[in-house]
Amino acid sequence: MDPKQILEQVRDGAMSVDEAEQYFRRAPFEELGYAKLDTHRRLRSGFGEVVFCSGKADEYLVSIFERLAADEGEALGTRATPHQFELVQKACPQVTYDPIARLLKLENSDKPHIGNIAVCTAGTADIAVAEEAAQTAEFFGSKVTRIYDVGVSGLHRLLANLEPIQAANCVIAVAGMEGALASVIGGLVQNPVIAVPTSVGYGASFGGVSALLTMINSCANGIATVNIDNGYGAGYLATQINRLACGKENQK
Amino acid sequence: MDPKQILEQVRDGAMSVDEAEQYFRRAPFEELGYAKLDTHRRLRSGFGEVVFCSGKADEYLVSIFERLAADEGEALGTRATPHQFELVQKACPQVTYDPIARLLKLENSDKPHIGNIAVCTAGTADIAVAEEAAQTAEFFGSKVTRIYDVGVSGLHRLLANLEPIQAANCVIAVAGMEGALASVIGGLVQNPVIAVPTSVGYGASFGGVSALLTMINSCANGIATVNIDNGYGAGYLATQINRLACGKENQK
Amino acid sequence: MDPKQILEQVRDGAMSVDEAEQYFRRAPFEELGYAKLDTHRRLRSGFGEVVFCSGKADEYLVSIFERLAADEGEALGTRATPHQFELVQKACPQVTYDPIARLLKLENSDKPHIGNIAVCTAGTADIAVAEEAAQTAEFFGSKVTRIYDVGVSGLHRLLANLEPIQAANCVIAVAGMEGALASVIGGLVQNPVIAVPTSVGYGASFGGVSALLTMINSCANGIATVNIDNGYGAGYLATQINRLACGKENQK
Amino acid sequence: MDPKQILEQVRDGAMSVDEAEQYFRRAPFEELGYAKLDTHRRLRSGFGEVVFCSGKADEYLVSIFERLAADEGEALGTRATPHQFELVQKACPQVTYDPIARLLKLENSDKPHIGNIAVCTAGTADIAVAEEAAQTAEFFGSKVTRIYDVGVSGLHRLLANLEPIQAANCVIAVAGMEGALASVIGGLVQNPVIAVPTSVGYGASFGGVSALLTMINSCANGIATVNIDNGYGAGYLATQINRLACGKENQK
Amino acid sequence: MDPKQILEQVRDGAMSVDEAEQYFRRAPFEELGYAKLDTHRRLRSGFGEVVFCSGKADEYLVSIFERLAADEGEALGTRATPHQFELVQKACPQVTYDPIARLLKLENSDKPHIGNIAVCTAGTADIAVAEEAAQTAEFFGSKVTRIYDVGVSGLHRLLANLEPIQAANCVIAVAGMEGALASVIGGLVQNPVIAVPTSVGYGASFGGVSALLTMINSCANGIATVNIDNGYGAGYLATQINRLACGKENQK
Amino acid sequence: MDPKQILEQVRDGAMSVDEAEQYFRRAPFEELGYAKLDTHRRLRSGFGEVVFCSGKADEYLVSIFERLAADEGEALGTRATPHQFELVQKACPQVTYDPIARLLKLENSDKPHIGNIAVCTAGTADIAVAEEAAQTAEFFGSKVTRIYDVGVSGLHRLLANLEPIQAANCVIAVAGMEGALASVIGGLVQNPVIAVPTSVGYGASFGGVSALLTMINSCANGIATVNIDNGYGAGYLATQINRLACGKENQK
Amino acid sequence: MDPKQILEQVRDGAMSVDEAEQYFRRAPFEELGYAKLDTHRRLRSGFGEVVFCSGKADEYLVSIFERLAADEGEALGTRATPHQFELVQKACPQVTYDPIARLLKLENSDKPHIGNIAVCTAGTADIAVAEEAAQTAEFFGSKVTRIYDVGVSGLHRLLANLEPIQAANCVIAVAGMEGALASVIGGLVQNPVIAVPTSVGYGASFGGVSALLTMINSCANGIATVNIDNGYGAGYLATQINRLACGKENQK
Amino acid sequence: MDPKQILEQVRDGAMSVDEAEQYFRRAPFEELGYAKLDTHRRLRSGFGEVVFCSGKADEYLVSIFERLAADEGEALGTRATPHQFELVQKACPQVTYDPIARLLKLENSDKPHIGNIAVCTAGTADIAVAEEAAQTAEFFGSKVTRIYDVGVSGLHRLLANLEPIQAANCVIAVAGMEGALASVIGGLVQNPVIAVPTSVGYGASFGGVSALLTMINSCANGIATVNIDNGYGAGYLATQINRLACGKENQK
């Protein structure tokens, strides 16, 4: 019903003033037609549904996966436990699980991978988060180069691997402890660096806060930071950038 | 001198063991030829020199600007005071100054601007930081759309401006206080969102830390965060993304 | 004994100066007759006794429940474990337990429920806290509408549910991670919003502190915040507001 | 003119449908370029627009006040400086200013005040924040009782003033340093308590953070907290509660 | 006149019951509108009223001092500025001021001083806080020994002064930076140590927080801590202990 | 045997100078290799050695207790586990254990108890820490009055128990959550208050930090604070004060 | 074999230039896929590779140890669990394990130890960290003197052990709780003090942060701090200093 | 008087038990003869007196300098203001002042400088702190090499200066913002690195805390950290190390 019709009904006594007032109270939102937003978003974003498994109730998790398997044929579950994998696998036998990255995947095997994202870690203990980032990006169709254990305290390891890092459309720098890797890479490359602090470390590392602060305060240009251990977020954002770099024609 | 020659000299007694040891100690770095890195980087990055003016000594600042004016014809100074503007202007009369964004610019007037970056603010108090971001992006050749005062406590203002935000290659979301703007925009767009917390607020806003935490913890996908009030960093990173989106042929 | 009598006794030597001094030292408190305060408060508040079960010794918990069952016929226990439920159930077979909300309830089944409180959550992981709030409010006689999983990163879900939220006398907004839900709701409703940060999240969410800061710094009007995960406190406060809205005649 | 009045005039034939449509078709905010005035706010929330003056540019502030004076006849400016008062007064001579509460007011003098809100402070240094709360509530039509300097270290002062505190529909407890006032009041009253930490104190008071933590952790029921020094927010929320308590027929 | 004296006069017939009743019936605080003077404080605690001058409005401060001068003949003002001294001096010419300790005093010159309190500082920069403590204790009738500049980085200075420290009924240890003085003294004495962290230091001293943490975590026995820079609080508490040590017959 | 006794025996001819010299010549600590037992502690401080059991290796703990049992006949062990009790009991069968206070005691049963210390708690969950304080004070010879569950959210409970609190030489106020108990008691008593924050609470109580801050910032006089959960430290300090109040002739 | 030895053999004709070239041509790290072993580390720094065992995958750990055993004949593993010891021992039977210091060692038994490092602890609970420091220093060839349980609350224990502390080339001061040991030692010695905060303590010790702050803020000269519980780092740095003190001719 | 004499006097009644008890209470300290410690320390340390000027009273500062000039002929004043320089210069005309390093120096011009300390900064804004370090080290007789503006975001600048950094006996790494410089240098050199965080930066740099955390968490070996902006402390410690490296014969 449009505002004029309502006002006419008020004038004619067919609608009370109170009813009409309710209508206008909500008007600025309803006229945007949000029921359509949902589909619009999925169409637009090119990203399938992702499930944050941690703490999800068993039944809930299984039914979400079943629905996604039926509707979209693909689904990604983050922070999944081996127990959750077993549960989901019973309902969706084709689901796979990576215990390092803690990812549940229902994935088309013949998916093309485009562009180039470099995923670097400072140490071997950062690999779990890096794999979450790398496999998320791959799930969303990005090509990924892994360059692990190139922390700044042994700089020659990083410098010996500069070429693939500089060639990437986007670099994901994963580091705990003091988190200096992102700054050093930021000074060496042309394209954006996504910094991922990890909770690796002890003492005054405060579960990743020190690394987060290092990255947020980086004096290098072209660096932005995601949450501690948020490999998924980095992989998602890197894919957005990689898709833009590959041109719209290549996007899903 | 190559390792073999050194070893031969050691064998022949032409070089002492200690001299040779010094050589091998530094070898892994010197053989990468870092003298070339500098030029390589400037060529590659397509970004002119930028000066962080805050706290720079007067003479130093003036001479840097003079040199850049002579060498590159362009220069950007961030966090400049009106006093610094006056000083630099005496040496470089063509320099301009924006007192809101606190930017000193020596800029080619006929520079082409490509792509599309949307810069949004939650309130009017965030505009200074937003202008630093917007003008930085423009200085580096990006086209910028400004959408100010669209904070989430009056959601219809944001929703009425969705179209230009969704059309951008990259969105910069600038917000202080609780900093929720980035999360809401993140859920509405396809491309990356760079969140910039500002030190706007009082009480438990802790000079921007609360907004920073909100943004780092965002449950929306495709968001990364830069330092509090770091409009420059956001503008730089957004330009990197915008250039990738425009394709290499359009890059400077 | 009244001050005059005391002074007369001092004058007459029937009371020493020291005894009299003791009396006047405590006078400003005792003359308010605090022994009556207790009953007064229960009569006045209309809220039955509530037991914070977490960490209570087993015997203590059981005997409190037995006494309340005998005295009042109703009792609410918060943060109860399944083990505590079993213990109490042996003594009070009619007690019930909700493992999600962790509430032990001894409740009159025919209690009327008045008014309207909306309980919203950002995600499914916030439901445990939301249920603590909702069932507390119901225990105290409020009608509750649950609107779960309407976080701001998928704004259409929230906007599609505006009507019941705007109709409530009070809204409880439960959110972890970045906690932006309260701000967005605050801008959309006319009545008070009680914000409940939850410890849901990881990394820099700091067990709910980030969400707490977001809510405390909200730029929307009409929002106040309770402790992290304090669903009980929110349900209690919402009931106070709801009762005021329903008019005194409807209050218990 | 208020939405209800317009609808009543339409119903009564005193306004044409077309005239009324103009009113409602007006965009829900007015674009001033640097700001978006939320003209539907009063419709949505029953509260007129309020201006956070702190840090607003002079021209912006004056033109916003002029616009509001013209549109709504009333306006409230918070955190205003004496200098801002002088500026606005030139454009709106009828504006008044309270230097303690730092409020700029353009207010109908014959406004009715309903219900009852008690505003309490722990010390005299908390009075500035308390007055911001009290006068905000009065501006929005609430009756306010002030009970100042009743901090818990001299408990008899608080106990001697219990009656008006217990009689209020809502109590605002304003306290700095250790902020224990809210907990003690919370245990003594039936209706909601809004706790306002202030930045009064020194050393480990951390600009109000200690008081904020005390209030958030209160073991008393029926307490919620707003930001440090946020007297305005407390006055607004208390008014929402007070209006509900007075019944809809009394609401503006 | 002090309560005990009144009671003694009643006992001795020097004062009528009615006159005495007037005295005790007087409200336990005097309502000044903006403040409630705690006139029963001396009765309850044995300590006269003390005024925290910092931030008090000029008129308030002057009238409070005038009242206290009339009622009690003595008054102590803490954190007073030279300007406040000038104001108060006009109304109470006999008031004195110590610019180091920032204390305003209206004090009987022939007051006896009992017992023994040692006030120690780590460095010379801690003396301002130490003097606030020492002079507060003296104002309340304690004898004080000052032992300044005996910080633990030059241990011999402390060890050479052990005798007077070990002889005191209570030791006040005042230290900024790392605040280790209290722990070392705590291990050397038999009586209580009151630790006062000061805001002296830079960098990670965080305005006294580091010293506060050191003192709170002390591994020595018999140490308790007051707020940063709270010399007054330490002097007050030390006097309580000193009075207990001197026996009730010596107490004021 | 205590130093005074030795000296008296020397004076009285009951012990030779040489025997006595052996005693005092004994190194002021006994070197156990892994630890240095402070055998002069009782001489210096009047308090016997106390063992912090938490984390001590089994053999170390047992041998320390054996040594103390042999040398002094008394010993106190804090933060002991039931397992540690069993171990020590095998070596020292007369040792006792309180599982609430987690204290191991080897204690003379006929010890006199002097003076009066009041130990108060806000809630029942604070009793473990309160018992550590109370039993420590009793171990060191103080008389203790326990007043539990008198938190400020139900003020009448506290006010109904004022008399024993005001009668004590020293009050220990034990509270978690918001920790307001110390401030309220501080305003009601004449003698020192030792505030003990506890780690009781959840959310923003930060394991007792919020209560600690409340207590440190207390606006009441005569309050000092010990570490979170440090009942032992409070009992020790209260005993020092209590001994001073009882006069030197009564001290151990 | 060590680089110097190789060069000496070349000089002496015991090794051909080609053989030696193979050695130096070897990449400065060995790519294991998941890790990059820094084989030039000993060359660059004079210290062999050290493995941070905590959280390393079993296979990785074993193969790294095997590689190091083969290449260098020595290896140090820090933060190793008993389980990791068992695993490694199967592959390298000569490996030893210290469960207190949590160190895995593959060590030449006839290694000379030079110079003098004093390792002090405040309490017995700090010994685990101290042993990590001491054994690390010994592994790298330093002579170590252990002085444990000399915390500042019993100062005579420290003073009785001054001589060996003052004689050392470098002192490592290990302390938790309030961490005052480093300041006191710093004032008593001539040579550098390395302060190691430990996570020993409770309440406001914040897992070692309070001790860290004490040490960083130390007012004594010649003190620098390493991370909480970082005994390894202290032992390494102390060895660097000790080697310098012993002169180059004595260095490994 | 020795213990035996005292005991004899007790036996003979020439000394009371109480007097004797006092003696033994202090004995463990007095018998170490602390009066000698002072001279011992100065002789031993080889470091002249240093004055922390910040906040020193004018007269105090001048008289200290006069005394030092007379006694030692040399003195160093840190954190001095230009005003303090003028004051001191009147009394000691030969004093010099460096406004960047804020150092007052009374120095022998012909002092020999030994060894080699490298002082590096990340940016130009860190130079003030670096100069404090460098000139302190020079004052104490060390040779210093300055290598400024070699921050890790432009790695080639650092790598091009490796030689003098690797040649130093000790490296001081001065950096604000993210403070990554120390980690990178730590991985490149053989000798100790002293990390000095500076308060340079903005936003989440928290006045140097972020840089401090980066340095404390460094994953490189051989790094220890001093307080934020503590150039003096770094220069002192570096000199201690440098002297050790130069051998005792070269020490002052």
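Think of it as A, B, C, D, E, F, G and H in the order they're written, each chain with its own count starting at 1.
Here is the rule we go by: a residue touches a chain if its C-beta (ideal position, glycine included) is under 8 Å from a C-beta of that chain, and two chains touch if they have at least 3 such contacts.
Everything quoted here is computed from the prediction, not taken from an experiment.
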Item to check | Where chain A and chain F overlap in contact partners, by chain label | outcome: C, D, G, H
Checklist entry - Measuring centre to centre, with centres taken as mean CA positions, what chain is farthest from chain A? => result E
Checklist entry - Looking at D-F and F-H, which one has the bigger number of contacting C-beta pairs? => result D-F
Checklist entry - Of the pairs D-F, A-G or A-B, which one shares over half of its contact pairs with F-G? => result A-G
Checklist entry - What whole-Å value do you get for the distance between chain B and chain D if each is reduced to the mean of its CA atoms? => result 40
Checklist entry - Distance-wise, how many Å sit between the C-alpha centres of chain A and chain E, to the nearest whole number? => result 59
Item to check | Distance between the centres, which are taken as Cα means, of chain C and chain A, whole angstrom | outcome: 37
Next on the checklist: Give the residues of chain F touching no fewer than two other chains, as numbers and ranges.
Outcome noted: 28, 40, 44, 154-155, 188, 203-205, 209, 212, 216-218, 221, 227
Next on the checklist: For this structure, enumerate the chain pairs that meet the touch criterion.
Outcome noted: A-B, A-C, A-D, A-G, A-H, B-C, B-D, B-G, B-H, C-D, C-E, C-F, D-E, D-F, E-F, E-G, E-H, F-G, F-H, G-H
Checklist outcome for this item: Per the touch rule above, chain G residues touching chain E in the complex are 122-123, 151-155, 177-180, 183-184, 186-188, 201, 203-206, 209-211, 213-221
Checklist outcome for this item: In the complex, chain H touches chain E at residues 25-26, 29-30, 32, 34-35, 37-38, 41, 54-56, 60, 197, 199, 207-209, 212, 227-230
Next on the checklist: Quick check: in the complex, which residue numbers of chain A touch chain B?
Outcome noted: 28-29, 32, 41, 44-47, 50, 155-156, 159-160, 166, 169, 187-188, 190-192, 194, 212, 216-218, 221-227, 233-234, 236-237, 240-241, 244-245, 247
Checklist entry - Quick one: in the complex, what on chain F touches chain H? => result 3-4, 7-8, 10-11, 13, 17, 20-21, 24-25, 28, 40, 43-44
Checklist entry - Okay, in this complex, where on chain D does chain E touch? => result 124-125, 127, 148-150, 154, 156-157, 160, 200, 202-205
